[in-house]
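Each chain carries a letter (A, B, C and D) given by its place in the written order, and its residues are counted from 1.
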Amino acid sequence: MGGFVLKRILQAIFVLLVVTLFVSYAVRLSGDPALMLSQGAGSVTEQDLQNIRAGLGLDRPFLVQYADFVRGIVVGDFGRSFMGGTPVRGLIADALPATLALAFVSLLLSVLVSVPLGIHAAVNKGRGVDQVIRIVSLVGLSFPNFWLAIMLVLLLSVTLQLLPPSGWDGPLSLVMPALTMAIILSATNVRLVRTAMLETLSSQYITVARSKGLAERAVLYKHALRNCAIPLITYIGLQFGNLIGGIVVVEKVFNWPGLGTLAFDAISGRDYPVLQGTVTVLALVIVAVNLLVDLAYGLVDPRIRSK
Amino acid sequence: MQPAVLPTAAAPQGRAFQWRSLEFIAGALLTGLMVLLVLLSVWIFPDRGSTMDLAARLSPPFAQWAHALGTDPLGRDVLARVLVGGRISLMVGLLSTLGASLLGITIGLVAGYYRGVWDTILMRCVDVQLALPFILIALTFISILGGGLGNIIVFMIISQWVQFARLVRGLVLSVREREYVQAARAFGVRDLSMVRHHILPNVIGPVIILVTLNVANNILLESSLTFLGLGVDPLIPSWGGMLADGRTYMQTAWWVSVFPGVAIMLTVLGLNLLGDWLRDRLDPTGKL
Amino acid sequence: AGTLNVALHQDPGNWDPIATFLVSWGAVGSQVFDGLIIRTPDMKLVPGLATKWEFTDKNTKLRFTLRPNVKFHDGEPFDAEAVKFTFDRLLGEEGKKGPQQSNYTSIDKVVVVNPMTVDFILKSPDPVLLTKLAGYGAMIVPPKYIKEKGSQFFGMNPVGTGPFKFSEYKPKIALALERNPNYWGGAPKVDNLNYRFIAEPATQAAELQAGRIDVANQIPLSMVETLKKDSKLAVLSMDGPVALALRYNTQRGIMKDKEVRKALTMAVDRDAIIKTILLGNAKPIASFQGVLSFGNDPSMKPLPFNPAQAQAMLKKAGVKPGTSIQLDFRGPDSNFREVAQAVAGYLQAVGITVSLKPYETNVLLNDIIPNGKTGEMWQNQWGGWTFDYDNTAYAMYYTKQRWNPFDDDAKLNALLHTQRNTWDQAARKQTLHEIARYVADQALEMPLYSLNTVYGLNKRAKNLDLPADGRFRFVNATVE
Amino acid sequence: MPAVHPAPLNAAPQAAGPLLSVRSLAVEFPVPGGRLRAVDGLSFDVSAGRTLAIVGESGSGKSVTSQAIMRLTDYSGGEIVDGQILFNSPVSGPQDLRLASEEAMRSIRGNEIAMIFQEPMTSLNPVFTIGNQIAETLVLHQHMTAAQARAQALSLLELVRLPDAGRLLDAYPHTLSGGMRQRAMIAMALACKPALLIADEPTTALDVTIQAQILNIIRELQRELQTAVMFITHDMGVVAQMADDVVVMWRGRQVEQGPVDRIFHHPQHPYTRALLAAVPKLGSQAGLALPRRMPLVVLEDGQLREVGTEQVQDTVDASAPLLSVDQLTTRFDVAHNLLGRATHRVHAVEAVSFEIYPGETLALVGESGSGKSTIGKTLQQLVQATSGTVRFEGKELAGMHAQDRQRLRQEIQYIFQDPYASLDPRKTVGFSIAEPIRTHRLLDDPRAVQKRVAELLECVGLRPEHAQRYPHEFSGGQRQRICIARALSCNPRLVIADESVSALDVSVQAQIIDLMMELQAQRGLSYLFITHDMAVVEKISHRVAVMYLGQIVEIGSRQDIFERPQHPYTRKLLAAVPVAEPGHRIDSRLIQGEIPSPMRKVGHGPEILRLVEVNPGHRVAQAAVA
């Protein structure tokens, strides 16, 4: 195991290099920050642009810039934003907790809701409960996340005035964004749990567990659930990754100061240092999550571990 | 040496069985109906919902025959646009899901089945893909190749295969250690046939679910692209685009965004019913 | 007393006046800093840190008499050295890195005459100079503070002479200002200003509805009616600096023909678009500028909406029905998405098929347009903060300018040049009118409308003196 | 169908009446094309302190009956369509379990009625440790704390004589041998000291010494707690030893029942007679050098008939070995330090050498957990050998081309110990049986394949239409036969049969063995026959190898082993074989003693035993000889 983790860390470094290299290169393809920064100026000469570029250190060859960035990362210096010179590390340090909080709470909420619902649907397969659960869970998939988000805002903030419609101050602010994400995540999770459950419930050892007189709850949540945990864990891992990096739209609606928005703004502002820094952190988190998922496979299924 | 099977005549059919066929009928009907309406929409609405009437903008639904589902901010008929819009949405949703799932399943199978180097390489690719911000890929991809329909589908495949790959790989890792797989290996079943007959059928359940859900996801992904300004021509109606356009009207004109959402829901419901039915068909043990 | 809560759509990230061109900077910067000249909400130039000014030496020298007894927030006195320092910085190495320097290139140098007098030595005429001196880059900054702490620090912890002091800044999230009791113009009435950065217009509206902000600087037009119905809220819609047009790619296909371009303009009912889609929050324009702009000619009328004539003109020009053209626009701009679709609808009616191509805003602005990669038409949107047609027209029509990838018109160049090199405002106005007419005659664009500046307000906030250009100065504001 | 009417059973010792009394029970399953009545009109009583044995044909509904009593058929798609299951609960009073609420059933299951399932491999949850699965019941029904339950689980594992009980608490099922899993199942069932114990073939995977020990334990428990035991088995020796009363089932019905003596000595129904006639008796072949095929007693139209004639199985071609195994060693790492280095290993197979000649049957017997299955899996390239060489027809396995290996996979067939786990649950058994044929392209025409599958099914006593069914729709013995059919489908030259006839009733077993011997005679097939059933070994093997703790302790001709056993373990094994004669008891002294463990610290390998030849071809571990 120790060796396995060590190997994965080496691979992670490789992944980080590839990702940051790609991102640094791609973002440089997609636009020139000097043009952006000078956009409002009356008339701009090529000389002005070059001055701006030189000021940002963009006049050097790409690989030199990249090497510089990597060197910075190694010593923990993420550079400064093109948009105003804010230290990138500070921006990330501010955004990361918000993102992690949202990701954790949404996932937790979703798991807490979808596991029982999915199991319930599986056990009552074909009956009314199952149909209702299946149809309701689809709502989260039929409307885009911003749509759900705006609906929640209209209902809970504007009409009922229960929750703050946006921002990041205190646990109350977390409710709606987490709810939005949880509704969406649950749509998939409920159905995954249901299916995986159906595959497991017919196993002999489930009959055996029942023969021991275990409460149905123990049979389902202990014996069956763990046996169908692999698709769930896989998917939750993926969802975590998505939540960390990809929920820009929801973050925007709730004005949630997360990494997704940071990355998004950095992309649209061609703010290379912020983007590179954010992506590095994203990649780190995702690599870590995938490592955890792989380790979890062995935990939930000892047969995988023994190889 | 067997007790004989009794004739069926009086034997009542199991409840599960009834539901299963009902599931199929409902699923096929719903999907079929959506597809049919969408296909026929061009004949029903020869203008393809493009006739504008700024004077009649945002008229509410169920008020007049001409615009049964109301009109949008440009005074176009919502019903016509929902039906015509299905053509793009269904095509994008189905094709991109098809592509992504085929790619992802294949990669997941290879990685999970062979493990070792293949697994390492493919799963690191997954890591890379997951760590790249969706918008950046969208932006680079679409701004380099242009935002045509084909490109959007390709882009969706690129951004969606990962989940299939990882899901399938996880399941394969577990299934390949089962004794029946070893048994098959023992009498020399070749890899391809092993995967086809023993691995795939035993991992396919969750995958089917993901596939049916992914159709919805990809239809909606288009609306996220629109939200970010990377979508297709807004003159070509699509469910995702309509949802994105309707988002500022949610307090004033709910129908603009609700009906495309309902259309997505019905389609996805139909597909899911079919998916569940298929899953049940493939799982002989599930006759609870 | 009390706290005023303001929503801004963006965080400029740096509060150094020379580092930015963003409106959202102005919304904060104008509270913290003063220029020598201040522009009032009704567009008048009034004394700021300078009490008076005059041009001498054939307009090559501009002398300012400074306001005495003004102190920066940190106690540092304001004097001629501070002015010199500010402009040396803006025009020197430091300024090179930012976008503001290019606005002030007509200034050769600043000379200290005595502690309360400075001379600006000019190297070329700049008729808009005074307006620009009321602009972002010309905000007076504290020399000692910057020298001690460095620009980097200054950018995060700005110190000015303005009515409000910087107190806390959470990048991308919020910003707090507090009252400057010693403000030379009289201390503001509210104690605190709380800015929150909220990018989504719909979210700003929701926050307004929830009563958590008092001023929203971007609300979706579709929400205007809803907000107006709320007894606690108000909506303020006023002439603004932003003009929109569809520029024609005069190098491409049918667009090479001037008559065709005119026909297209006439085929689109711009008034209807303003009335319905924009709910009246815009004004029709005949040239690429709003009514507040210096150089706007009220007597100039837009081409009329006349589809029949347009069709006839197209036919005459040999344009076949069904000819298709492409319109490039900023994809995320949900408002313009509708406008573009409406335009396409009108053009369809005269037999021109339009395909709409959304672009990510920055790709459009920094690649497609400057490099001339557009379709037949493209969304041209411009918020000239100087409210002077010079700035706009020069950027739009002068050869090889970034916004002019297609045309090279010697006559237009000459006109632009002339007006830019004259101090005589009356003559300049004449020339600007001429330019506008010439552009309209050449049909370089389809002028659409000038967009109103729309604010959403909570009625508990009073005397906000909201300006059209978004540069808030809440000196007189009160909250209940 | 001449069903004997249920005569009242012997009066129970207590006046209270029977603990369980089943009245005209009928269970049905929906199957394609109709409903299958798996159990029909079954009635019997079990009283406290007594043992009822249910014997009968494979697939006759024994397991279904036991599941119906626990009402587990509710979950497996079955339906109790008729009858009563009267349970006189010591806790909650008499009640009809058929009508009991789910709630009531839960407090009875595992607590008052416990069950040992037939197939231990698939009955243990693969993702929980053995200890966890045992402790669970204790926490639930006995309200123990986790620590108490763990301690109790440990003593239960020791009770069922598992070696290394402490380690096994934290081991996962897949690392246990078949017999070890079965003992874990038994420990689980005994945990709460139930009033009624239903044991469905509880000792099929156990060697006779451990079987004897387990039977002893059940008897002890019964004596102590007046437990009623329902014992389902096909081993008439075990029946004779354990049962007070016997129910004989045939085709879903009970054909005969009565006290054990009467059934054994005065069987009424022809099926019972056929069954008893088929019981292999240890020592019946004494003095014969070669195994022989005996005539089969079959039941036809209610009449017993003998078919076939006695034939000597003189099939061995001793010129060159087909398979030779030299110093084969297979170890499993079971504990690791922080750096991922192994600290403890299970020495499953240690320096094992033997040969198999064409046409020969080598029986591999030995203690449960001694490495027999591991040898089988190693030979079939499913488990990586740690060292040693395996040669097939003189060619070394390790150096073979992929193509040769592939051919080997046709010529050597391994029949897994657990048939259920080794059948793909999503494929019809027809598909599974046909798969080797298709894999090795033995037949091209799909119709020919289908025909072959039908033939094979008939060969093993199933019907062609069974090809359409899925594995979960069969009984344990039926699945075992499916696996045999699958192994035979690709014309192998060597079959490794791992406990392949253990779940078959003796009459079917006799048919299958006859089939295997016939194939040997016809095609010169070789068998490596792994089994615990010494009587079967005597009946079919040419040579016998006895394993103990991963090593062969004695190997020799059948006569050598059965008539001149040298090693003490061999002797113990032979002494422990139950005799199909009521009243006969095993000498309990034979079955005492230490439980050895194959797990060792790295660097502390076991002593490699040296075999010395005491007779030509008869070799015994040195220590025993000295």
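Assume contacts are C-beta pairs under 8 Å (C-beta built on N, C-alpha and C of every residue); 3 or more make two chains touch, one makes a residue touch a chain.
Fair warning: this is a prediction, and the values are worked out from it, not measured in the lab.
Participant: Out of curiosity, which chains are bumping into both chain B and chain D?
Facilitator: A
Participant: Quick check: more C-beta contact pairs in A-D or A-C?
Facilitator: Contact tally favours A-C.
Participant: Between chain A and chain D, what is the gap in Å from one C-alpha centre to the other?
Facilitator: 51
Participant: Taking the mean of the C-alpha atoms as each chain's centre, how many Å separate chain C from chain D?
Facilitator: Spacing between the chain centres: roughly 87 Å.
Participant: Centroid of chain A to centroid of chain C, CA atoms only: how many Å?
Facilitator: 37
Participant: Approximately how many whole Å separate the CA-defined centres of chain A and chain B?
Facilitator: So the centre of chain A lies 21 Å away from the centre of chain B.
Participant: Could you check chain A for residues that touch two or more other chains and list them?
Facilitator: Correct list: 30, 150, 154, 158, 202, 301, 303, 306.
Participant: Touching two or more other chains, which residues of chain D qualify?
Facilitator: 75, 174, 425, 472
Participant: Scan chain B for residues touching two or more other chains and write them down.
Facilitator: Chain B, residues with two or more chain partners: 139, 143, 177-178, 227-228, 244, 247, 251, 283, 285, 288.
Participant: Which chains are in touch, pair by pair?
Facilitator: Pairs satisfying the touch definition: A-B, A-C, A-D, B-C, B-D.
Participant: Can you check the complex and tell me which residues of chain C touch chain A?
Facilitator: Chain C reaches chain A through residues 12-16, 19-22, 96-103, 152, 155-156, 170-173, 196-200, 202-203, 206-207, 209-212, 360-363, 365-367, 370, 385, 391, 394-395, 398, 401-402.
Participant: Which residues of chain B touch chain D once you look at their complex with the stated criterion?
Facilitator: My answer: residues 1-3, 5-8, 11, 14, 17, 177-190, 193, 197-198, 201-202, 282-285, 287-288.
Participant: Which of the residues in chain B end up touching chain C in this complex?
Facilitator: Against chain C, the touching part of chain B is residues 50, 52, 54-55, 57, 73-74, 139, 143, 147, 226-235, 244-245, 247-249, 251-253.
Participant: Sort out for me which residues of chain A touch chain C in the complex.
Facilitator: It comes out as residues 30-32, 35-45, 48, 51-52, 55-56, 80-81, 83-86, 90-91, 94-95, 150, 153-154, 157-158, 161, 164-168, 252-255, 257, 261-262, 265, 268-270.
Participant: Which of the residues in chain A end up touching chain B in this complex?
Facilitator: 11-12, 14-15, 18-19, 22-23, 26-27, 29-30, 125-127, 134-135, 138-139, 141-147, 150-151, 154, 158, 187-188, 191-192, 194-196, 198-199, 201-202, 230-231, 233-235, 237-238, 241, 245-246, 248-249, 260, 263-264, 267, 275, 278-279, 282-283, 286-287, 290, 293-294, 297, 301, 303-304, 306-307
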